[in-house]
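Consider the two complexes below, in which chain A is the common component and chain B and chain C are the respective partners.
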Partner chain A sequence: MTGRIFSLVFGAVLLTACQRESRSFRLDPPIAASLEAVAPMPNGIGGAPPDSDAVLGHPYLTNAYNLNQGKQLYTWFNCKGCHADGGGVTGPSFLNGWWRYGPQAVSIFISIRDGRPRGMPAFGNHLTTEQLWQLAGYVRTIGAYSAMTAAPSRNDEMQSRPAENRAPAAIATPSDQWPATRYR
Partner chain B sequence: MLQQDRWLAVALLLSLACESFAGPAQPVSQGASVNPATRFSSLAQIDRHNVGQLKLAFTFRTGRLGAQGSAPLLWGTKLLILSAFPHTLFALDLTRPNGTISWQLTPAANRVVDGLHCCDRIHLGPISNGNRVYIGTLDGHVIAVDPQHGQPVWDVAVADPALGETLASAPTLAQDRLIVGNAGDDFGARGWIAALDSNTGRTLWKRYSTGPDQDVGTRREFQPSRPEDSGIDLGTHSWPGTSWQHGGGSVSGWTLYDPTLQLLFHNTGPAAPWNPEPRPGNNLWTAGVFARDPRTGEARWFTGLHRHGLYGWRNGSANLILEHAWGGSARSLLIHPDADGRLYVMDRKTGELLAADSFLSEPRAQKTSSTAPIPRTNLQVRNICPAWVGAVGADAALDEATSWLYIPVSRLCMDLEDRSANYIQGTPFIGANVRVNSNSAARGELVAWNIVARKAVWRIPERLPIAADTLVTRGGVVFYGTLDGMLKAVDAHTGALLWQFKTAAALTGQPTTYEGPDGRQYIAVVAGASGPYGLAQQAWIDRRDATAARGLARVMANVDPPRDPSGTLYVFGLP
Partner chain C sequence: MARHALSLIALLCCGCAGWQSALDTHAVQGTRLAHLIWLFVGVCAVVWVTVTVVLLLALRKKNDCPDDGPHTPAEASERRMARIVRAAAIATAGIITSLTIVSFYATRELTSAAVAALDLRVRGYQWWWEVTYLDARPDQVFITANEIHVPVGRSIHLRLAAADVIHSFWVPSLTGKQDLIPGRENTLTFTPQEVGIYRGQCAEFCGLQHAHMSLLVVVDSAADFEHWRRGQLAPAATPRGPEQETGKRLFENKACASCHNIQGSTASGTIGPDLTHLASRHYIAAGSLATNRGSIAAWLADPQTIKPGNNMPRVRLNAGELNALSAYLAALR
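Now for the complex of A and B:
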């Protein structure tokens, strides 16, 4: 009897654990349409996320499958050439907690979709809305302020930094970077 | 009668047009006192005996983050400096004290190129032909300026940032032409070199580094220095499919003009992408040296240095001219310090390779191609030396009297992992993860190299790679700068340190010397980070990622950030 109860509980735990990894191969059309409905602020920097994102429980920040897809897109669409593994090249770093256009996933989504004037190209024509969200979610986790429970899978490329979910962003203040301003 | 006059005028014009090329060769001077073909200055007021007394004369802060590598230019009694991007061209009046601004010019800037310039060294001018001053801009324009009042005369866009192109070098003056080439190997831009009319900015010819013979200019007068490079349309056949269209080979370095032979010499950059597997073949005409006719752009010869390049080695260091006997007969020599750590000596007339000696003490360049590590997709190859930045940190200077070459050296290695590369217009086209490291405490070195004896005379180890061009003067002094902001003067014969000065930012540009309106010799340098090493110092780079700044971030990890990140001109004189 106890064995049966145990296996029931164990099965239930297994099922909830599966929730984190759930994937849908095709988004419901109304959800796909709603994901596009970000409302940018007039200054174009950030904005309100689509309602469906909250209803679904922020799937692009908490679902490991989506994060992993985002990680693949990050390599495939040449993000590494300008941002490296989050350390930055000509594009800014994602690791240090400073976001030029704010840390919200919506801002990152708009940056990827529409581009930014100082060199960020627009990828809106290259990716579907779902892929844009997956990529934005992955980029957001590179510089997460707190440790995350969901993480993309094993890194098969050159190990260059601690894993995404283990490296909460350390906020370097400008005065750490530029002693000239510290003494001014 | 009228008819006759008209014919007379036409004949006169024709003879004038001929004159411009047949006339006596004029040295193209840079600040009138430093030869751009050798970075040798004939000024000798400051010499090895009194250089220790050099004092700061004045400073001028550009107020722009970092600097671009070109030296300031003396024009009349004005000193012209071009700031880092977004550019401002300043003219300082030297007849008034402390660098008073005479005029300044800020052309409109396309900030998209903030994301495009990464890994080439930048030298955007100004240069002058006497009555006009010319600058290149990072966002792809060439601008002619009236130096008297600072008015732009013409402004043409030559490089297209939408294709990943930028300009990294100022135009070169060849008689009445301006020779300019693009940068953008890391973005899969197709390399080209073009000639502009210096009076109007009109494009006279444009030749590419890859593609059919007509585009490359390898049809009529072309004699490759190696027989295996002769054939029809090798610029397309040595590439799979249409990959030559995104094959790199940019002309990002300084083009050299030889007025006696009337030839241009320029390097072509590495093949794109870095990962060699998607581009089987020799990948002509990337990673080599071209000689071209400045009138037509037709290639005379080509010497390939790295066929089917494996390591993304930059090819931006300047070539130098030397007239000297070689093997018993007088030769016109072209000196090419290469990223692979060898000094190539070629015949300027034919491109024949006369010598290729390793100038590195450690790590040595790979001796033969059979022992060179071969990168493979998805496989990590460790300790490839030199790293992608190349063994030459900046432009070398040649003492014309002794034929000793002063080479600023970078001693770095890299771990390279090739990945599949996707070409998406305007985004990086690399296909590699790279981590730069060094096994040595001395990551840089200044090497004095006797070209004729083919050996090093002395070496000065440096903690960091040397990324600032060198300058040698008739006074027997070599000037060079370090990434931790130290401008040093050493004895050209012995390498003994004679004088040094700490600047507020990294030195990645060219020191220069000029004779001021008061008849005294000055030394000038602009401090401020630029180029790949400068990028690794920027505030937005996070060093926890070993691949940040193309893997250079950790090389610069123990360097203090600049006291003042702005580009600052320092001028020194004798008391």
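Now for the complex of A and C:
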């Protein structure tokens, strides 16, 4: 009897493997347009995410593929040029526990799309809406406040900072000692 | 059953001819390899048949062992059998040695760099081929992608390199297979004998889109090749009309220019394929789509669905921009 129950449970567990994550390389244009509809606060810090993000289940914060695409875009669009590997050089650090425009993904999305004063360029013309969200989701994980189960793939080069899905930590980075801290 | 076998044979016969076949060769080296293949198949078939016949004869032979006591064959038959075994061993060694020597002579010329008429560097990327036509004069050097033009009857020397992972260059109708290995330069030589278009394919699994990493070798007459070469050396066609001009401006100002080069524009990226004469090639995206304005637009609109995992991100374009950009690119003859 126990053997039969065991095999039934085992079979049910095996069946869960039949579900495969479906991946869309291109969002439906109406969904992409709705993801564009963020409502920032008047001071530009924080705001309401688009309704469709919740309906889709926050794919840009919880899905490993999207985080990984964000990681690729971080290199391809030379975010490293100013923010280095998250530690910051001429741009602010993501790792020291302080976000100038708040830690919400919406703020990061707006920063990337529209740019910010004193140096951050606008990428809205260069990236599609889902790419902006992928990048925002990834940047958020660099300075995460909480540990996550979803993680992008590991670096090909030597790791210069803690993994993206680590437990929360505001860690001291070299830029805390450098003149670049004037951005804080 | 017989019908299934017949259709299987018909399917296998497809490999005997066409623009990508190691048995339908159009270059000196490829033909030499094809002869080698037939020689090996012939010798091995004879050996296999002989061994099988001998084995069957041995199985059919009546057991003449007495029921009690050890088997003691007559001395004469013992000597005869020893002779047969000795002869078989000598024949085996002889066949292996001569096949090794024949194979050495057939393949040693594949990589020789002796007086080549044309020196090319082929660099494999995930998942496309960069082709550089080398020349002692720097102004005669040019870069193209996924399509190699060569003059008929001349010796062509390829320097094979890889930018990321191991790839393998294989145009079966022309010559043998050679790996492209990061950090080293392999060479391959071939002398095409017949004008035509031959297809090649990456032959070393190199990632998700390995199957979509093909290239064409176009063998031209000497005059056609010279004409093509002069065309490739020239800067890109100047845009005609306002739509193409908009397309050029978009190409230079959008993300395109950070990876692609178009000679005669400000776009000078070297990460992706050189697009200076994109529309002169038969295919785009390493053999994925035939070159025409529609397929260029389809590729721009959604490169990841056509070739998932490739290194081209989707670029934000509205309908008018897509139209202008595809018009400009399709005119780059």
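Some observations on this one:
Everything that follows uses one rule, which is that the second predicted complex is superposed on the first by the 146 of 184 C-alpha atoms of A that agree within 3 Å, B and C clash if a C-alpha of one lies under 4 Å from a C-alpha of the other, contacts with A are read in each partner's own complex, and residues count from 1 in each chain.
Criterion: a residue touches a chain if its C-beta (ideal position, glycine included) is under 8 Å from a C-beta of that chain, and two chains touch if they have at least 3 such contacts.
Because the structure is predicted, anything quoted here is derived from the model rather than measured.
Of the two partners chain B and chain C, it is B that touches the larger number of chain A residues. Of the two partner chains placed around the shared chain by superposition, chain B and chain C are both touched by A:His126. In the superposed model, A:Ser160 lies in contact with chain B only, and not with chain C.
After overlaying the two complexes on the shared chain, residue contacts for A:Tyr65 are found with neither chain B nor chain C. Applying the stated contact rule after C-alpha superposition, one finds that A:Thr75 touches chain B and leaves chain C untouched. Looking at the shared chain after the overlay, A:Tyr101 reaches neither chain B nor chain C. Contact with chain C, but none with chain B, is seen for A:Phe25 once the two complexes are overlaid on the shared chain. Of the two partner chains, chain B is the only one that A:Thr90 touches; chain C does not reach it. Within chain A, the residues touched by chain B in the first complex and by chain C in the second are 76-77, 126. Residue ranges of chain A in contact with chain C, taken from their complex: 25-26, 73, 76-77, 124-128, 131. Here chain A touches chain B in the complex through residues 75-78, 80-82, 84-93, 95-96, 98, 117-121, 126, 156-158, 160-162, 167, 172, 174, 177-180, going by the rule given at the top.
Note for the complex: chain C touches chain A at residues 254-255, 301-302, 304-305, 308, 313-316. Those residues of chain B that touch chain A in the shared complex are 111-118, 186, 378, 380, 415, 417, 419, 422, 424, 426-430, 433, 435, 504, 535, 539-550, 553, 560-565.
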